[in-house]
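Okay, so chain A shows up in both of these, paired with chain B first and chain C after.
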Partner chain A sequence: MAKYYDVDDILAEQETLPTVFNTEVYALGRALDPSCDSENLPAGSSVNLPFWLADFLSHRKMLKPHLPKFLKKRLRDELQGEAGCVDLRDRCKFFYELGRKLCTLSELDGSEDLSEFLLNTFTSRFKEMLTTSHVCSNETRETYSRVLTNEELELFTRAQASSKAFERWIYSKSTVISSRIKRNKRKREWEGQEFRFRTRPVVSA
Partner chain B sequence: MATDFARTATNLVKELKTHLEANDLGGSGSASGGSGGAVGSGGGVRGGVLRDPGQALPAYKEDEVSKSAREVQEHYDSVVAILGAFREENREWDTRPEVASSVLIHHQSLLRNKRLLLAYQNLRLERIKAFRWKCGRLPRATQDKLSPPERDFVKSYERILNSYQKQCRVDLTVGFFPPGENLLKVRVTEDLGVMEFDYIGEADLQVGTVHLLPHEEAERLIIEGKLEHLA
Partner chain C sequence: MGMASCLTNEELQFCAESAEVTIVPNFSTPILQLVNGEYGPFRAQNEATVPFWLATLLRKRNLCRVKPPEWMKSESLVQVLAAEKSSPNEWQELPHHYIEIAKLLFTKAEEDFAEFEMDVHEIRRLIDDIRLVRFDKIEKQFKQVTGAMTIRLTNFCAMELNLMRNFLLSSLDEYHKFSKTAEDSVQQRQTQLSDDEDSQEPQVRQLR
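Up next is the complex of A and B:
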């Protein structure tokens, strides 16, 4: 319940995974599977369902979930080879979050080593990511933000912000308060008629 | 009958989140006021200033919200219809798993829609609150993007905040920058006329003029973009 309003959590649960129904489903044939001819969805049909629905129904033994494409064997081998270079964002933005949730599904094939696999992937990618985040140029950041998953990107930006803040602190002398709202209006006033230029600024008090 | 798995509401939330991230309020120094919820997760770290205050919040998507609400109603009607038909048959649930699964799918879709709509609203309210704390009152351009209940919320929030601040006699929304000196050197960027200040009395704030103003009062005006702080 703690994550009820968490948008990332919500969007992670929206990712679909292939499932096979153990039971018939009354009157939802066409809605669940557009290629289904009958009114009822027959048992044994395979349908792509979002995680939130698949999770709920698999706990009630109504369907059998399968691993989504991005966790299939081929990709896993790829990741074991060179984890750092693989574009995970393209496969699933919520790679770890969804993977973690998938671990809780009891009836999933190949879920035994899933948690270990996720952890390995993360550790091998994290090290390189962290070093890069402190010293990277804008271009590297661009390319990087296109291959990282949402969770990694969050860490990446935070690491970058903290090293920037540290630099600012170490070279700073005084704090300048700046407006959080940038006004375009100001520019116009400088150019316009209204502005009277004074040779010496008036300093009151 | 549509079972598109709450797609309308999902897109609603997704779009809002993208918009809010693209128009980050910035400034890591201040507390977000309310329960640091969904807004805090994306904001704060990226820094930078809001380019256009009118973009702080996208317009309220009345149509999509009511479409999702209708979807909820449809799911509810289906559940009731299925249960009604089933009750007439008078049999055990175990013998009809296909009916049970259908009811559950409808019910879950209903709950999912509810969660998405609540998250959408919550995300907007968090942003409204954060804006009040970080950038002052909502500008007119943003006011027009609120739904009527949201406008009421803004009004009540403002009232509560004001009455509390009156009680403790401190403007809580300023003071995130620890004062180095008592007076700040500022340049006026928006004509404010003659204003009264502590310590120094009246000051004629015309565009382009430079003044030394007391920290506390100047800070609010600087954050609102009416003065510019000169280091």
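Up next is the complex of A and C:
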């Protein structure tokens, strides 16, 4: 079940996967499959459905879900060989998120080793990212933003943000600590002068 | 785990400023009574130990010279750098806030190094090298991560931790999600198997 307010989670569930109906679907033939000629969708017809609908219907045994294209054998072999170079973003933006959701679908065949495969893929790609994400050239940054999945991109931008913050700090001459508590916009008056917090005493000889 | 839950670099520097440092004042005063303690008495040309924040404050007003700490001597830094390079799985012992202290001294009291016969450029280069070598080792160490396991990170410094924190914490979160789904799917399969067994039982009875 999707987290209600998580947009990424909702988008991940929006990805389609091929399914085969076990039962006849009344009156929705044209809605589900535009190439269907009759009003009713006959049993055994294959349709691409978003995950949330496939999940719902497979629990009621109305259809049998199949692995989406990006988790088929061919791509899996490709990933096992050179995980770091494969463009996963092009295949599915929410590769891991959707993959993890697919693991929970009991009707799916080939899902036994799916979680293990996802973990292995993530681990080998993570290793690649580890050495390049804190210190990297503009070119790598650009290729990374095209190749990484959403989850990986999140990690990458976090690493970039912290190394940027570090560089900003180390090259700055003065350091001002900004308050975490949002101050009242209205200026506070204190005996005619602007009230300021003094964290440290002023020493004069 | 958001950005707001960890300290910023500026806040870390603030923490580092409570470390003590030796100064040589060029003024004399009796004991200074301040909110968080008493400092002094100060006598001109006699060494005194004060926290960094007081030292930088006095230095800004040209009232003292800051003596760089012992570990910042280039001989000891060369040793540390050599040791860092020779042991890939161990970090040398350095002050917990060494990056912050070094930065503070380089920006606030750069001229004082020469007075204590230290080469500021060499020290700056050595500290940068040490930082980079240590950081490289951290990344190599984390390459071994494949899920739940222990990694020895002794002598890790505050700024190094802060730099890696965001990335590592969120990657560990991701690993946690994987292990959770693995557990869930195993559980699901077990309940399914027991369901299958349950449904087979009546059939066997019928056969008998």
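The working rule: the second predicted complex is superposed on the first by the 171 of 205 C-alpha atoms of A that agree within 3 Å, B and C clash if a C-alpha of one lies under 4 Å from a C-alpha of the other, contacts with A are read in each partner's own complex, and residues count from 1 in each chain.
Simple rule for what comes next: a residue touches a chain if its C-beta (ideal position, glycine included) is under 8 Å from a C-beta of that chain, and two chains touch if they have at least 3 such contacts.
Since the structure is predicted, the reported quantities are computational estimates derived from the model, not experimental observations.
Asks: Could you look at A:Arg158 and tell me whether it touches chain B, chain C, both or neither (first, second, both, neither)?
Replies: both
Asks: With both complexes overlaid on chain A, does A:Arg60 touch chain B (first), chain C (second), both or neither?
Replies: The answer is first: A:Arg60 touches chain B but not chain C.
Asks: Applying the touch criterion given at the start, work out whether A:Tyr96 contacts chain B, chain C, both or neither, answering first, second, both or neither.
Replies: second
Asks: For A:Thr123, using the defined touch cut-off, is the partner it touches chain B, chain C, both, or neither? Pick first, second, both or neither.
Replies: Second partner only.
Asks: With both structures placed on chain A, which of the two partners, chain B or chain C, ends up touching more residues of chain A?
Replies: Touched residues of chain A are more numerous for B.
Asks: If we overlay the two complexes on their shared chain A, which of chain B and chain C does A:Trp52 touch? Say first, second, both or neither.
Replies: Touch status of A:Trp52: first partner only.
Asks: I'd like to know which partner A:Asp8 touches here: chain B for first, chain C for second, both or neither.
Replies: first
Asks: Same chain A residues contacting chain B and chain C, which ones?
Replies: Touching chain B and chain C on chain A: residues 154, 158, 161, 165, 175-178, 180, 201, 203-205.
Asks: Which residues of chain C touch chain A once you look at their complex with the stated criterion?
Replies: Residue positions touching the partner: 3-4, 8-11, 13-14, 27, 29, 32, 34-35, 53-54, 57-58, 61, 63, 99, 103, 107, 135, 139, 142-143, 145-147, 159, 162-167, 170-171, 174-175, 177-178, 181-182, 184-185, 188-189, 192.
Asks: Mind pulling up the chain B residues that touch chain A in the complex?
Replies: Residues 1-5, 10, 13-14, 17, 25-28, 37-38, 41, 45-47, 49-53, 78, 82, 96-102, 104-105, 108-109, 112, 115-116, 118-119, 122-123, 134-135, 177-178, 180, 183-184, 187, 189-191, 199-201, 203-204, 207-212, 219, 222-225, 228-229, 231 of chain B touch chain A in their complex.
Asks: What residues on chain A touch chain C, complex-wise?
Replies: 96, 100, 103-104, 106, 111-112, 115-116, 118-119, 122-123, 126-127, 130-131, 133-134, 151, 154-155, 158-159, 161-163, 165-166, 168-170, 173, 175-178, 180, 200-201, 203-205
Asks: Which bits of chain A are touching chain B when the two form their complex?
Replies: 4-8, 10-11, 14, 21, 23-28, 31-32, 40, 49-50, 52-53, 56-57, 60, 62, 154, 157-158, 161, 164-165, 174-186, 189, 194-198, 201-205
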